[in-house]
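In the two assemblies presented below, chain A is common to both, partnered first by chain B and then by chain C.
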Partner chain A sequence: MQRVDVFPTHEHQEYKLRPGKPFPFGATLAPGGVNFSVYSSHATSCSLVLFEKGAPEPKAEIPFPDEFRIGNVYSMIVFDLDIEAIEYGFRLDGPWDPQEGHRFDKSKILMDPYAKAIGGRDVWGQPPDWDNVYQHRARLVYDDFDWDDDRPLEIPLEDLVIYEMHVRSFTKHESSGVRFPGVFAGIREKIPYLKELGVNCIELLPIYEFDEFEHSREDPKTGRQLVGNYWGYSTLGFFAPKAGYAATGKLGMQVDEFKALVKELHRNGIEVFLDVVFNHTAEGNEHGPYISLKGIDNKTYYMLTPEGYYFNFSGTGNTLNCNNPVVRNMVLDCLRYWASEYHIDGFRFDLASILGRDPWGAPLSNPPLLESLAFDPVLAKCKLIAEAWDAGGLYQVGSFPAYGRWAEWNGKYRDSIRKFLKGDIGMVGEMAQRLQASPDLYATRGATASINFITAHDGFTLNDLVSYNEKHNEANGEDNRDGTNDNDSWNCGWEGPTDDPGINALRMRQMKNAMTMLLISQGVPMILMGDEMGRTQFGNNNTYCHDNELNWQDWALLEQNAELFRYVKTMLAFRHAHHALRNRWHLTGTDTVGSGYADITWHGTQAWNADWSGTSRILAFMLCGKHAHGGQREDNYIYVAMNMHWDSHWFELPGLSEGMQWHAAANTGAPPPEDIWQPGEEPLLENQAGILVGDRSVVVLVGK
Partner chain B sequence: MEVSQRTEGEVEVIAISGEIDGSTAPAAQSQILSVAKSDAKILIDMSQVHYMSSAGLRMLLVVYRTVSGQGGKVVLTGLSQDLEDTMSLTGFLDFFDHFESVDAGLAAFN
Partner chain C sequence: MAFDVSTEQAGDIAVITLSGELDANAAGSFRSAVEEAAAAGPKRVVLVMDKLQFMASAGLRVLVFAKQKMGTSVDLFVVGARDAVLETIEMTGFHHSVIMMDEYDASEIENY
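Moving on to the complex of A and B:
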């Protein structure tokens, strides 16, 4: 039975048309044609602008007839389009009245906010034609990828180890040895490496289409080209993967290439999280370019001051008006699209506190967008992670509106561990909280609310954290003014690289100490790309503008720092082997299963007697294996002694139940290969009464 | 784009030459599927195809799903390095057995 709506009812020049369907917004393949739909609350007219792919001038402009508008939505089906051969945009007319928030300009061709592929930056770094009347061009895609039986993996959050990485940086360096460097396909070639390391989730820095040339400039001193948007935190379109991140981007196949990567990662047990940026767009403020939202419906999409200027809670010129109902729906549509069409497993929201502000900038106690995301049917199994602060001074670590769903980047975890690691006093009380997934912050939200990290793309790498006291951002061309000064780092005695074997040995030990603390903490660990092999940014803690060795992973380090890599991957295996380290709910400090031991107990140089004093640099704890996963799983007992003092200390060990003995799992103070043992192969400790823990060292034991 | 067809034993050998894109893929698809009776053994010789767009990739997958849904089998032969890369990077190659030569492809049916 043929449908009635496959017949055109209108014509414009040679184009055959029919009134479209308002939903879904954007361009959707319809029988015999394409349904175009765009919303604007204040436009007075709208045209569809069609280009032959890459052509400098439009080949047609089709005004939406009046009868094609329902409410504030213009929709139209255009028949017989070769969807691979065209690009499309919209031209809207309406008031120019900035005080009222309106900036319509019918001389501009505007990109569809729902564009599923965007042309114009098809190959990374290829200089565009700056005179092009339509820089970032909406394209059509087939959403018909053949997933077989794949779907998001739904690995329990407590079992994840997240690996934060940048698509280009991961394999662009010639040492990566991949056939397709710097793109999605390059990651696919490195899946065996990710599996060997033992991570089961990669979190990609933004992959929504962005313009790597935005804010590009020359370093006035060196003449070196700086890529202002290397990390990609300035979004052009929320529905389109970056073409320049696909080897097949020049063929317009980035959608399929990214989906193929997700499918292959899933086949290997690795989830995919996206770092998403809904706090601002690449359109800047009143001096910025017209790309899309500004010309389609400025007043709806941006937070504006009473005078019509742009609020700047993101620190980048504008702020997306996330709690306007229309914008909120766009964000929801976007995330549902990525979850359903791309099988994305989770999202990390950049400057997420902005998503909880009302249209006038005030923080909301019950933000509709965050609530909608938390209760959305399609996103129900997706992990939602907030960067719980913004550039407007809102800091919500521990208080982000969570609705039982949201986890947070735990910035306090990072700060506490760094301070304890370098030997600061007054930290043991805080450390006890951090090691338990910060119940002081997330009392009612459980251990999985805490995404634990010591390093992230923003700030020092782990190697640099133990090699530099100060940031060294001169290469950013701002006289070292940019980037945070609060690094809580310690160079171990010399600023930067050194040949001093003592200092290098200490740095190696400190990196192992940090990785150990991260991987034995309750909560969800996140590792920064390359920290497992000692990646350096040469002391730069803000490498947002470098398309070079400052960001690219040098894979030669894998051999140079083989000792570190072996340690980290074995410590990851240790975490995966022990449910006691991966509780969903907070430990209670009490015995709830009748084992005779509390789930967690605190110790020091004396067993059962931790030194909580303000001058202590020592802390030890024991996890009772019978309490693993709330008592639902049986595990070994685990004992961890952390000595961040500059002298070695004798730690008296807590006694185990009869029949069990302590075995050495790791000791960062011991030379390899005795620094760590494969799970199951831990040697019996000769002296069951105590152990000497070297200066600035961590010991991990298993009782079995 | 041209499609020619011959029979080698039980195998339908279909040779495509030219470019497969949005304008030619529908014709190629209908010609190939016209020989896709149940249990069909279909070999598609791609050695004279030098460009394939997204629509071309989908045409091949539609053929694969149609033929394998009827108990048949499809193999590809003679993919250029570029085409093989494109199909591999986009995940389409996962569905196909592919061989360098028609002879090797024919042998795969035995």
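Moving on to the complex of A and C:
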């Protein structure tokens, strides 16, 4: 017998209708039709606008009958739609009263905020028809992907090594050698590479649908076209993967292609994190375009000044009103959707401090959105990572409301390591904190609160950090004014590329030093795409606007810098081999297992006697293997000596228990192949009493 | 070229041969063929695609449907997919879910 609830009750022209379900919002496939549901607190009427895919004009407009509105939600089932062939939008009428926060304009066709696929920018860089009345078009998707037995991997956070990457940049360069460059399928082809490197998590710069043409402009000096939104930190729709990031975007199969990537990464033991941008949208301020939220319910979705202008805590024109309950629910719905429908393992929240502001911009002590995310049942096993600051001056590294769940990008880790690396004095005390996952910042939150990074998409690459003293952002067309001046970088004696073998050798050593410090630190390391092979942005520390070799990974570097790549992947293997480096909780500096050694002890050129003075550039520490994971796991002892002074120094070694001896795991001062050894193949140290650590070098030993 | 689909049952093997352009309009008849084949309870299903010129999203949907409709105990073979069709299958990763063959090889299918 046919279900009664699939009978149409209303008609509009040739369309058969029935009152819809208010939840879930958005377009949902229902028996025989599609359920459309949209919320607006101040609209006076709403219509569903239907297009044939790609057609310039709508083929139908179906007003929601009055009786189809429950509360502030318009919902309607439309029967017999061809799911594959249509695009839809909404047209809302309501007051035009900017001072009151209302900007309704019934001449606009608006995208569903819950659109699960969006047409209009199907192929990256293909110029759109700017006269199109509906630029970004909501489409319908099936949730029929065959996941087999896949689900999020749930790798313990302390065991992750995160690789931050941009979908297009990773394989767009012709040297990538992939069949499908610059897209999800291209990343899938590079999975063997990621496994060889040894990362077990990729964090993708935003993949929610965005418009690469937003803010496009010409460089006034060179005439070169600049892509305003190359990185993608300006969202059109929170539920849709970017079509232009799929080789199949032109066929409307981006959902399948991205899911296939996630599934394949999972099969290879690699988690997928998304960099998500909930602090603002692509609609800009009062001069920006109508795309969706602005015309649907401006006052609900955006933080507005008392005069009705847009607060700008994001630095990009508007601020999403995240602690309005309706917006909060949208964010929750969105993340649940990605976790359940796409099997995403974790999220990194761009400018997350904004999510802790109230609708008038004031920081909340107990922000409901952050709390809801932390306690959400669907997101319960997802990793949540905050960029714990915003463009409005809120800086919460160490104080971000964490609810026992949130980890943070540790900006202080980056700054301390960079300064110590280049030989600044007065850093050893801070270094001791950073190497231990910053207990000064995260005392009660454990080691995994600290996402350690030295470089990220925003700023210098590692190669540039050791090759440039100053930013070189002229190519951005703003006379080098954009981008931070606080780089804490050192060019090793010459600004930019050089043939000087001494300088190049020092740069190589400094990159190895940095990678070593990153990978022997407690906490969760994050590597920037390409740093393992010396990727350069030619001194540009703000490449948000370049769709070219400034961003694209040049895979020829893999051969040119084979020495660096070998070092980094072996150091990654070293990290994965040693539980002592990957503690869940902070070390205590005491012996809690009766091994005769504290879990961590500090040393210098003299064993047991670190030089904490203000002029020191030297620090060494030892991890007691019997304390690994609070004593639950047995590991080797690990000793790390860091000499950031320009002279070599003799380091006296702490003695090991009877029967154990020191072996050399890595020495950045030694020429390859003796700079690093495969775990398990470390040669015995001839002199067990001490070791010479070269100038600006790091030595890692294992005691076994 | 118009889409055409035909089905042959040979023992516990169902062979579905596709030709022409598998777009949104054609997907329905492909789906019917899959349902019909599934009803006979085959052990193996072979999709012969060497005369298929194009596959739209709606066509991929039916492939996904076929895989899930048949269940994990039935092997699904995709035979002879060419050029654009093969590329679409590979870009979306569907080739990981099925057994891809260049040419129809009865003994290999039988003994898989």
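One rule holds in what follows: the second predicted complex is superposed on the first by the 703 of 704 C-alpha atoms of A that agree within 3 Å, B and C clash if a C-alpha of one lies under 4 Å from a C-alpha of the other, contacts with A are read in each partner's own complex, and residues count from 1 in each chain.
The working rule: contacts are C-beta pairs under 8 Å (C-beta built on N, C-alpha and C of every residue); 3 or more make two chains touch, one makes a residue touch a chain.
Treat the numbers as computed from the prediction; the structure is a model and nothing was measured.
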Combined model on chain A where chain B meets chain C, clash or fit: clash
Chain B versus chain C as contact partner of A:Q510, first or second or both or neither: neither
First, second, both or neither for A:D144, with chain B first and chain C second: both
First (chain B), second (chain C), both or neither touched by A:D256: both
Overlap of the chain B and chain C footprints on chain A, listed as residue numbers: 82, 84-85, 142, 144-146, 180, 185, 188, 246-248, 251-253, 256-257, 259-260, 263-264
In the complex, chain A residues that touch chain C: 82, 84-85, 142, 144-146, 148, 179-180, 183, 185, 188, 246-248, 251-253, 256-257, 259-261, 263-264
Parts of chain A lying in touch with chain B, wherever the complex brings them together: 82-85, 142, 144-146, 180, 184-185, 188, 246-248, 251-253, 256-257, 259-260, 263-264
Chain A partner contacts - residues on chain B that touch it in the complex: 21-23, 53-55, 57-58, 61, 65, 85-86, 89-92, 94-95
Interface residues, chain C side, partner chain A - complex: 24, 27, 56-58, 60-61, 64-65, 67-68, 72, 88, 90-94, 96-97
